[in-house]
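Report on the following structure.
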């Protein structure tokens, strides 16, 4: 157990050391990757920490995190409310699958970024528009996973339930749904991750001047990479944290599963 | 009482069962033995209404079996317990979907949990139980469904020999409490002789009734008594030729 | 310890090979790469390129590249992909502060933007804009800075407005759909808005204050290694600027081609006098100082800058009139 933890830190630690050396001695310029000597890229680790600290002090960090999480929630809730029922429908009824699935398969590859003009047209420059972009990203994983779970329901369980007297509604609520719950929660977890990755696309058109997805392009444009990295790290760490929390919730909820 | 009348089942051009007629009287324990692929399981499934005959009919207490039979209790070899429900939750499933109120359900499930010897395990999940315990839940669940007919498809096939013997005794003990008609499919002649009032030998494909043996021994039976041995030999002989024929056909 | 050394060596070898892929520039120039944006502010560039003057004067091949905004244009120059740029002074100042080695050698235009509001908006004074949704080009941009400076001059806090940032094309659709109440953008945008009936011009940027706008930026490398070339470039630029005044028809022709908009719009835009074409960089010094102060206030610039860091007047001074 001890060894395992040390290795985790070695990887990150090594990366930080290399980064700091490259930053401090402007190695990227000397290797010809960066053309302007004065450009502070990559930013030194202390400068990133300083930038982070500044933003925390004047409140922009907290505000940005809140806005981004709000946009995520709008999109995620929409994805779950629409994705789970659609997944159940297409998983349970072959006819529904034939009708709905082609539409889904064509829309799935379109990146959320491409939906921005439509989002603005329908919702204006509002938080709902940002949430919509996240919805586009988060919808497909949860729907597809729900579909898989429902369609893959063990036939024997269904037959057993039938002999015990279950009607169609019972089968759905008491057999199919509980059986599919691991797939569904897994789908929601993936949606959470994908939705969070869409935060930049969702916020870059400027619904607000706060939001992690807004700040990153903004600071990139003015070449202030210490802030860029600071916000990028926050973005990554929060995504990681949310995933861990959700995994905890998942294993609590699904404690009936055999532990492998 | 279960009545199977001139039952024929074909899957496309492949005939699994041909002209099978059988009666299971009230409170009777009937075992079906036969070579693999002779349609034993198909027969059971049709009695449960999970499959439909190509020709012929099945009646349970003068009502035709047409669609899923909710008055039977099915026990699978693979247990088929609902993994997300506790022992109690599994057993209560039947009464629950039939709208039985909570207190009544509790009473029923507790009764059967005690009966099958699982007291204390009410709130355990299936994955925490051994094979034998899981099958006890399966049996309790079948009983809790208030069935007129028990259908069991090699329920002890997945257990080790000792547990299997133990469970046979347990099954009889439970069955004697509530004497429900039972149709029991097995590969083991020993098991059939130990449990059944009658043993039906099915022939190789297509499956038809080759011979029916009456087991007139009083329970609890001694597995190695001369009468039991004689019956076992006779059945094995009858079955043996069928197994050979099934192997040759392949 | 060996493992760590191995890993570090591998990383550096990787970086080294990545670096090899980049071509080193020699001081012998055979091509000049120019950046510009699709705005009437950069007409001098259109003329100089279209009529082949840059190439003729210098004997060197000139290529140009279009950018949606100053930010991406300066990013490209920072990455070494441009030698010269027609760009807003604000993005240029910011890039130079962050490490871009270049100088402003001439002005490309002054003013030339306008505040366009919804047709039904009754504008009487700056205070009317409080609480309204006004769109402008993302910072760092001329429009954003000019607007802010003007608001502050009028004793209004920019935070009291709902300022939205977007690209020019998005401004037109947003105004027509009602998502915003108004926008500030460079010509020919405002003229287009009026002619399409989307909105009305309530204020020219020159009414806000006499402000610098776009400039011509040239890399230090060119200035130091090829000063004659740069002199010829500035000469040509001045010639093109004069041409705008004297040959309106041909200017409209060339610009319509380049911008892919109708001659009608261009004529209206130029006739409005909203944009001033004066190449003299000395005239914009004080305006640039106001830009710098505002950029420091919104924390885009991290320090004060002085003229010598930003300008090189020597070339313009030597232009024969």
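A, B and C are the chain letters, set down in written order, and residue numbers restart from 1 in every chain.
Definition applied: a residue touches a chain if its C-beta (ideal position, glycine included) is under 8 Å from a C-beta of that chain, and two chains touch if they have at least 3 such contacts.
Keep in mind that what you see is a predicted model, and the values were worked out from it rather than measured.
**Student:** Would you identify the shape of the chain contact graph, picking one of line, ring, star, complete or other?
**Tutor:** If you draw each chain as a dot and join those that touch, you get an open line.
**Student:** Measuring between mean CA coordinates, which chain is farthest from chain A?
**Tutor:** Chain centre farthest from chain A's centre: B.
**Student:** Averaging only over C-alpha atoms, locate the centres of chain A and chain B and give their separation in whole Å.
**Tutor:** 50
**Student:** Rounded to the nearest whole Å, what is the centre-to-centre distance of chain A and chain C, using the mean of the C-alpha atoms as each centre?
**Tutor:** That pair's centroid distance is 37 Å.
**Student:** In whole angstrom, what separates the CA-based centres of chain B and chain C?
**Tutor:** Those two chain centres are 85 Å apart.
**Student:** Going by the contact rule at the top, pick out the chain A residues touching chain B in the complex.
**Tutor:** Touch residues, chain A against chain B: 154, 156-157, 159-167, 170, 174-175, 178-179, 181, 255-258.
**Student:** Which of the residues in chain A end up touching chain C in this complex?
**Tutor:** Contacts found on chain A: 14, 18, 22, 27-28, 31-40, 117, 120-121, 124-125, 205-207, 209, 218, 221-224.
**Student:** In the complex of these two chains, what residues of chain C are touching chain A?
**Tutor:** Result: residues 4, 7-8, 11, 15-16, 18-20, 22, 24, 71, 75, 78-80, 94-95, 98-101, 133, 138-140, 163-166, 170, 173-174, 177-180, 300, 302 of chain C touch chain A.
**Student:** How about chain B: which of its residues touch chain A in the complex?
**Tutor:** Listed in rising order, the residues of chain B that touch chain A are 48-50, 68-70, 72-74, 76, 78, 80, 82-85, 93-94, 96-98, 125-127, 141, 145.
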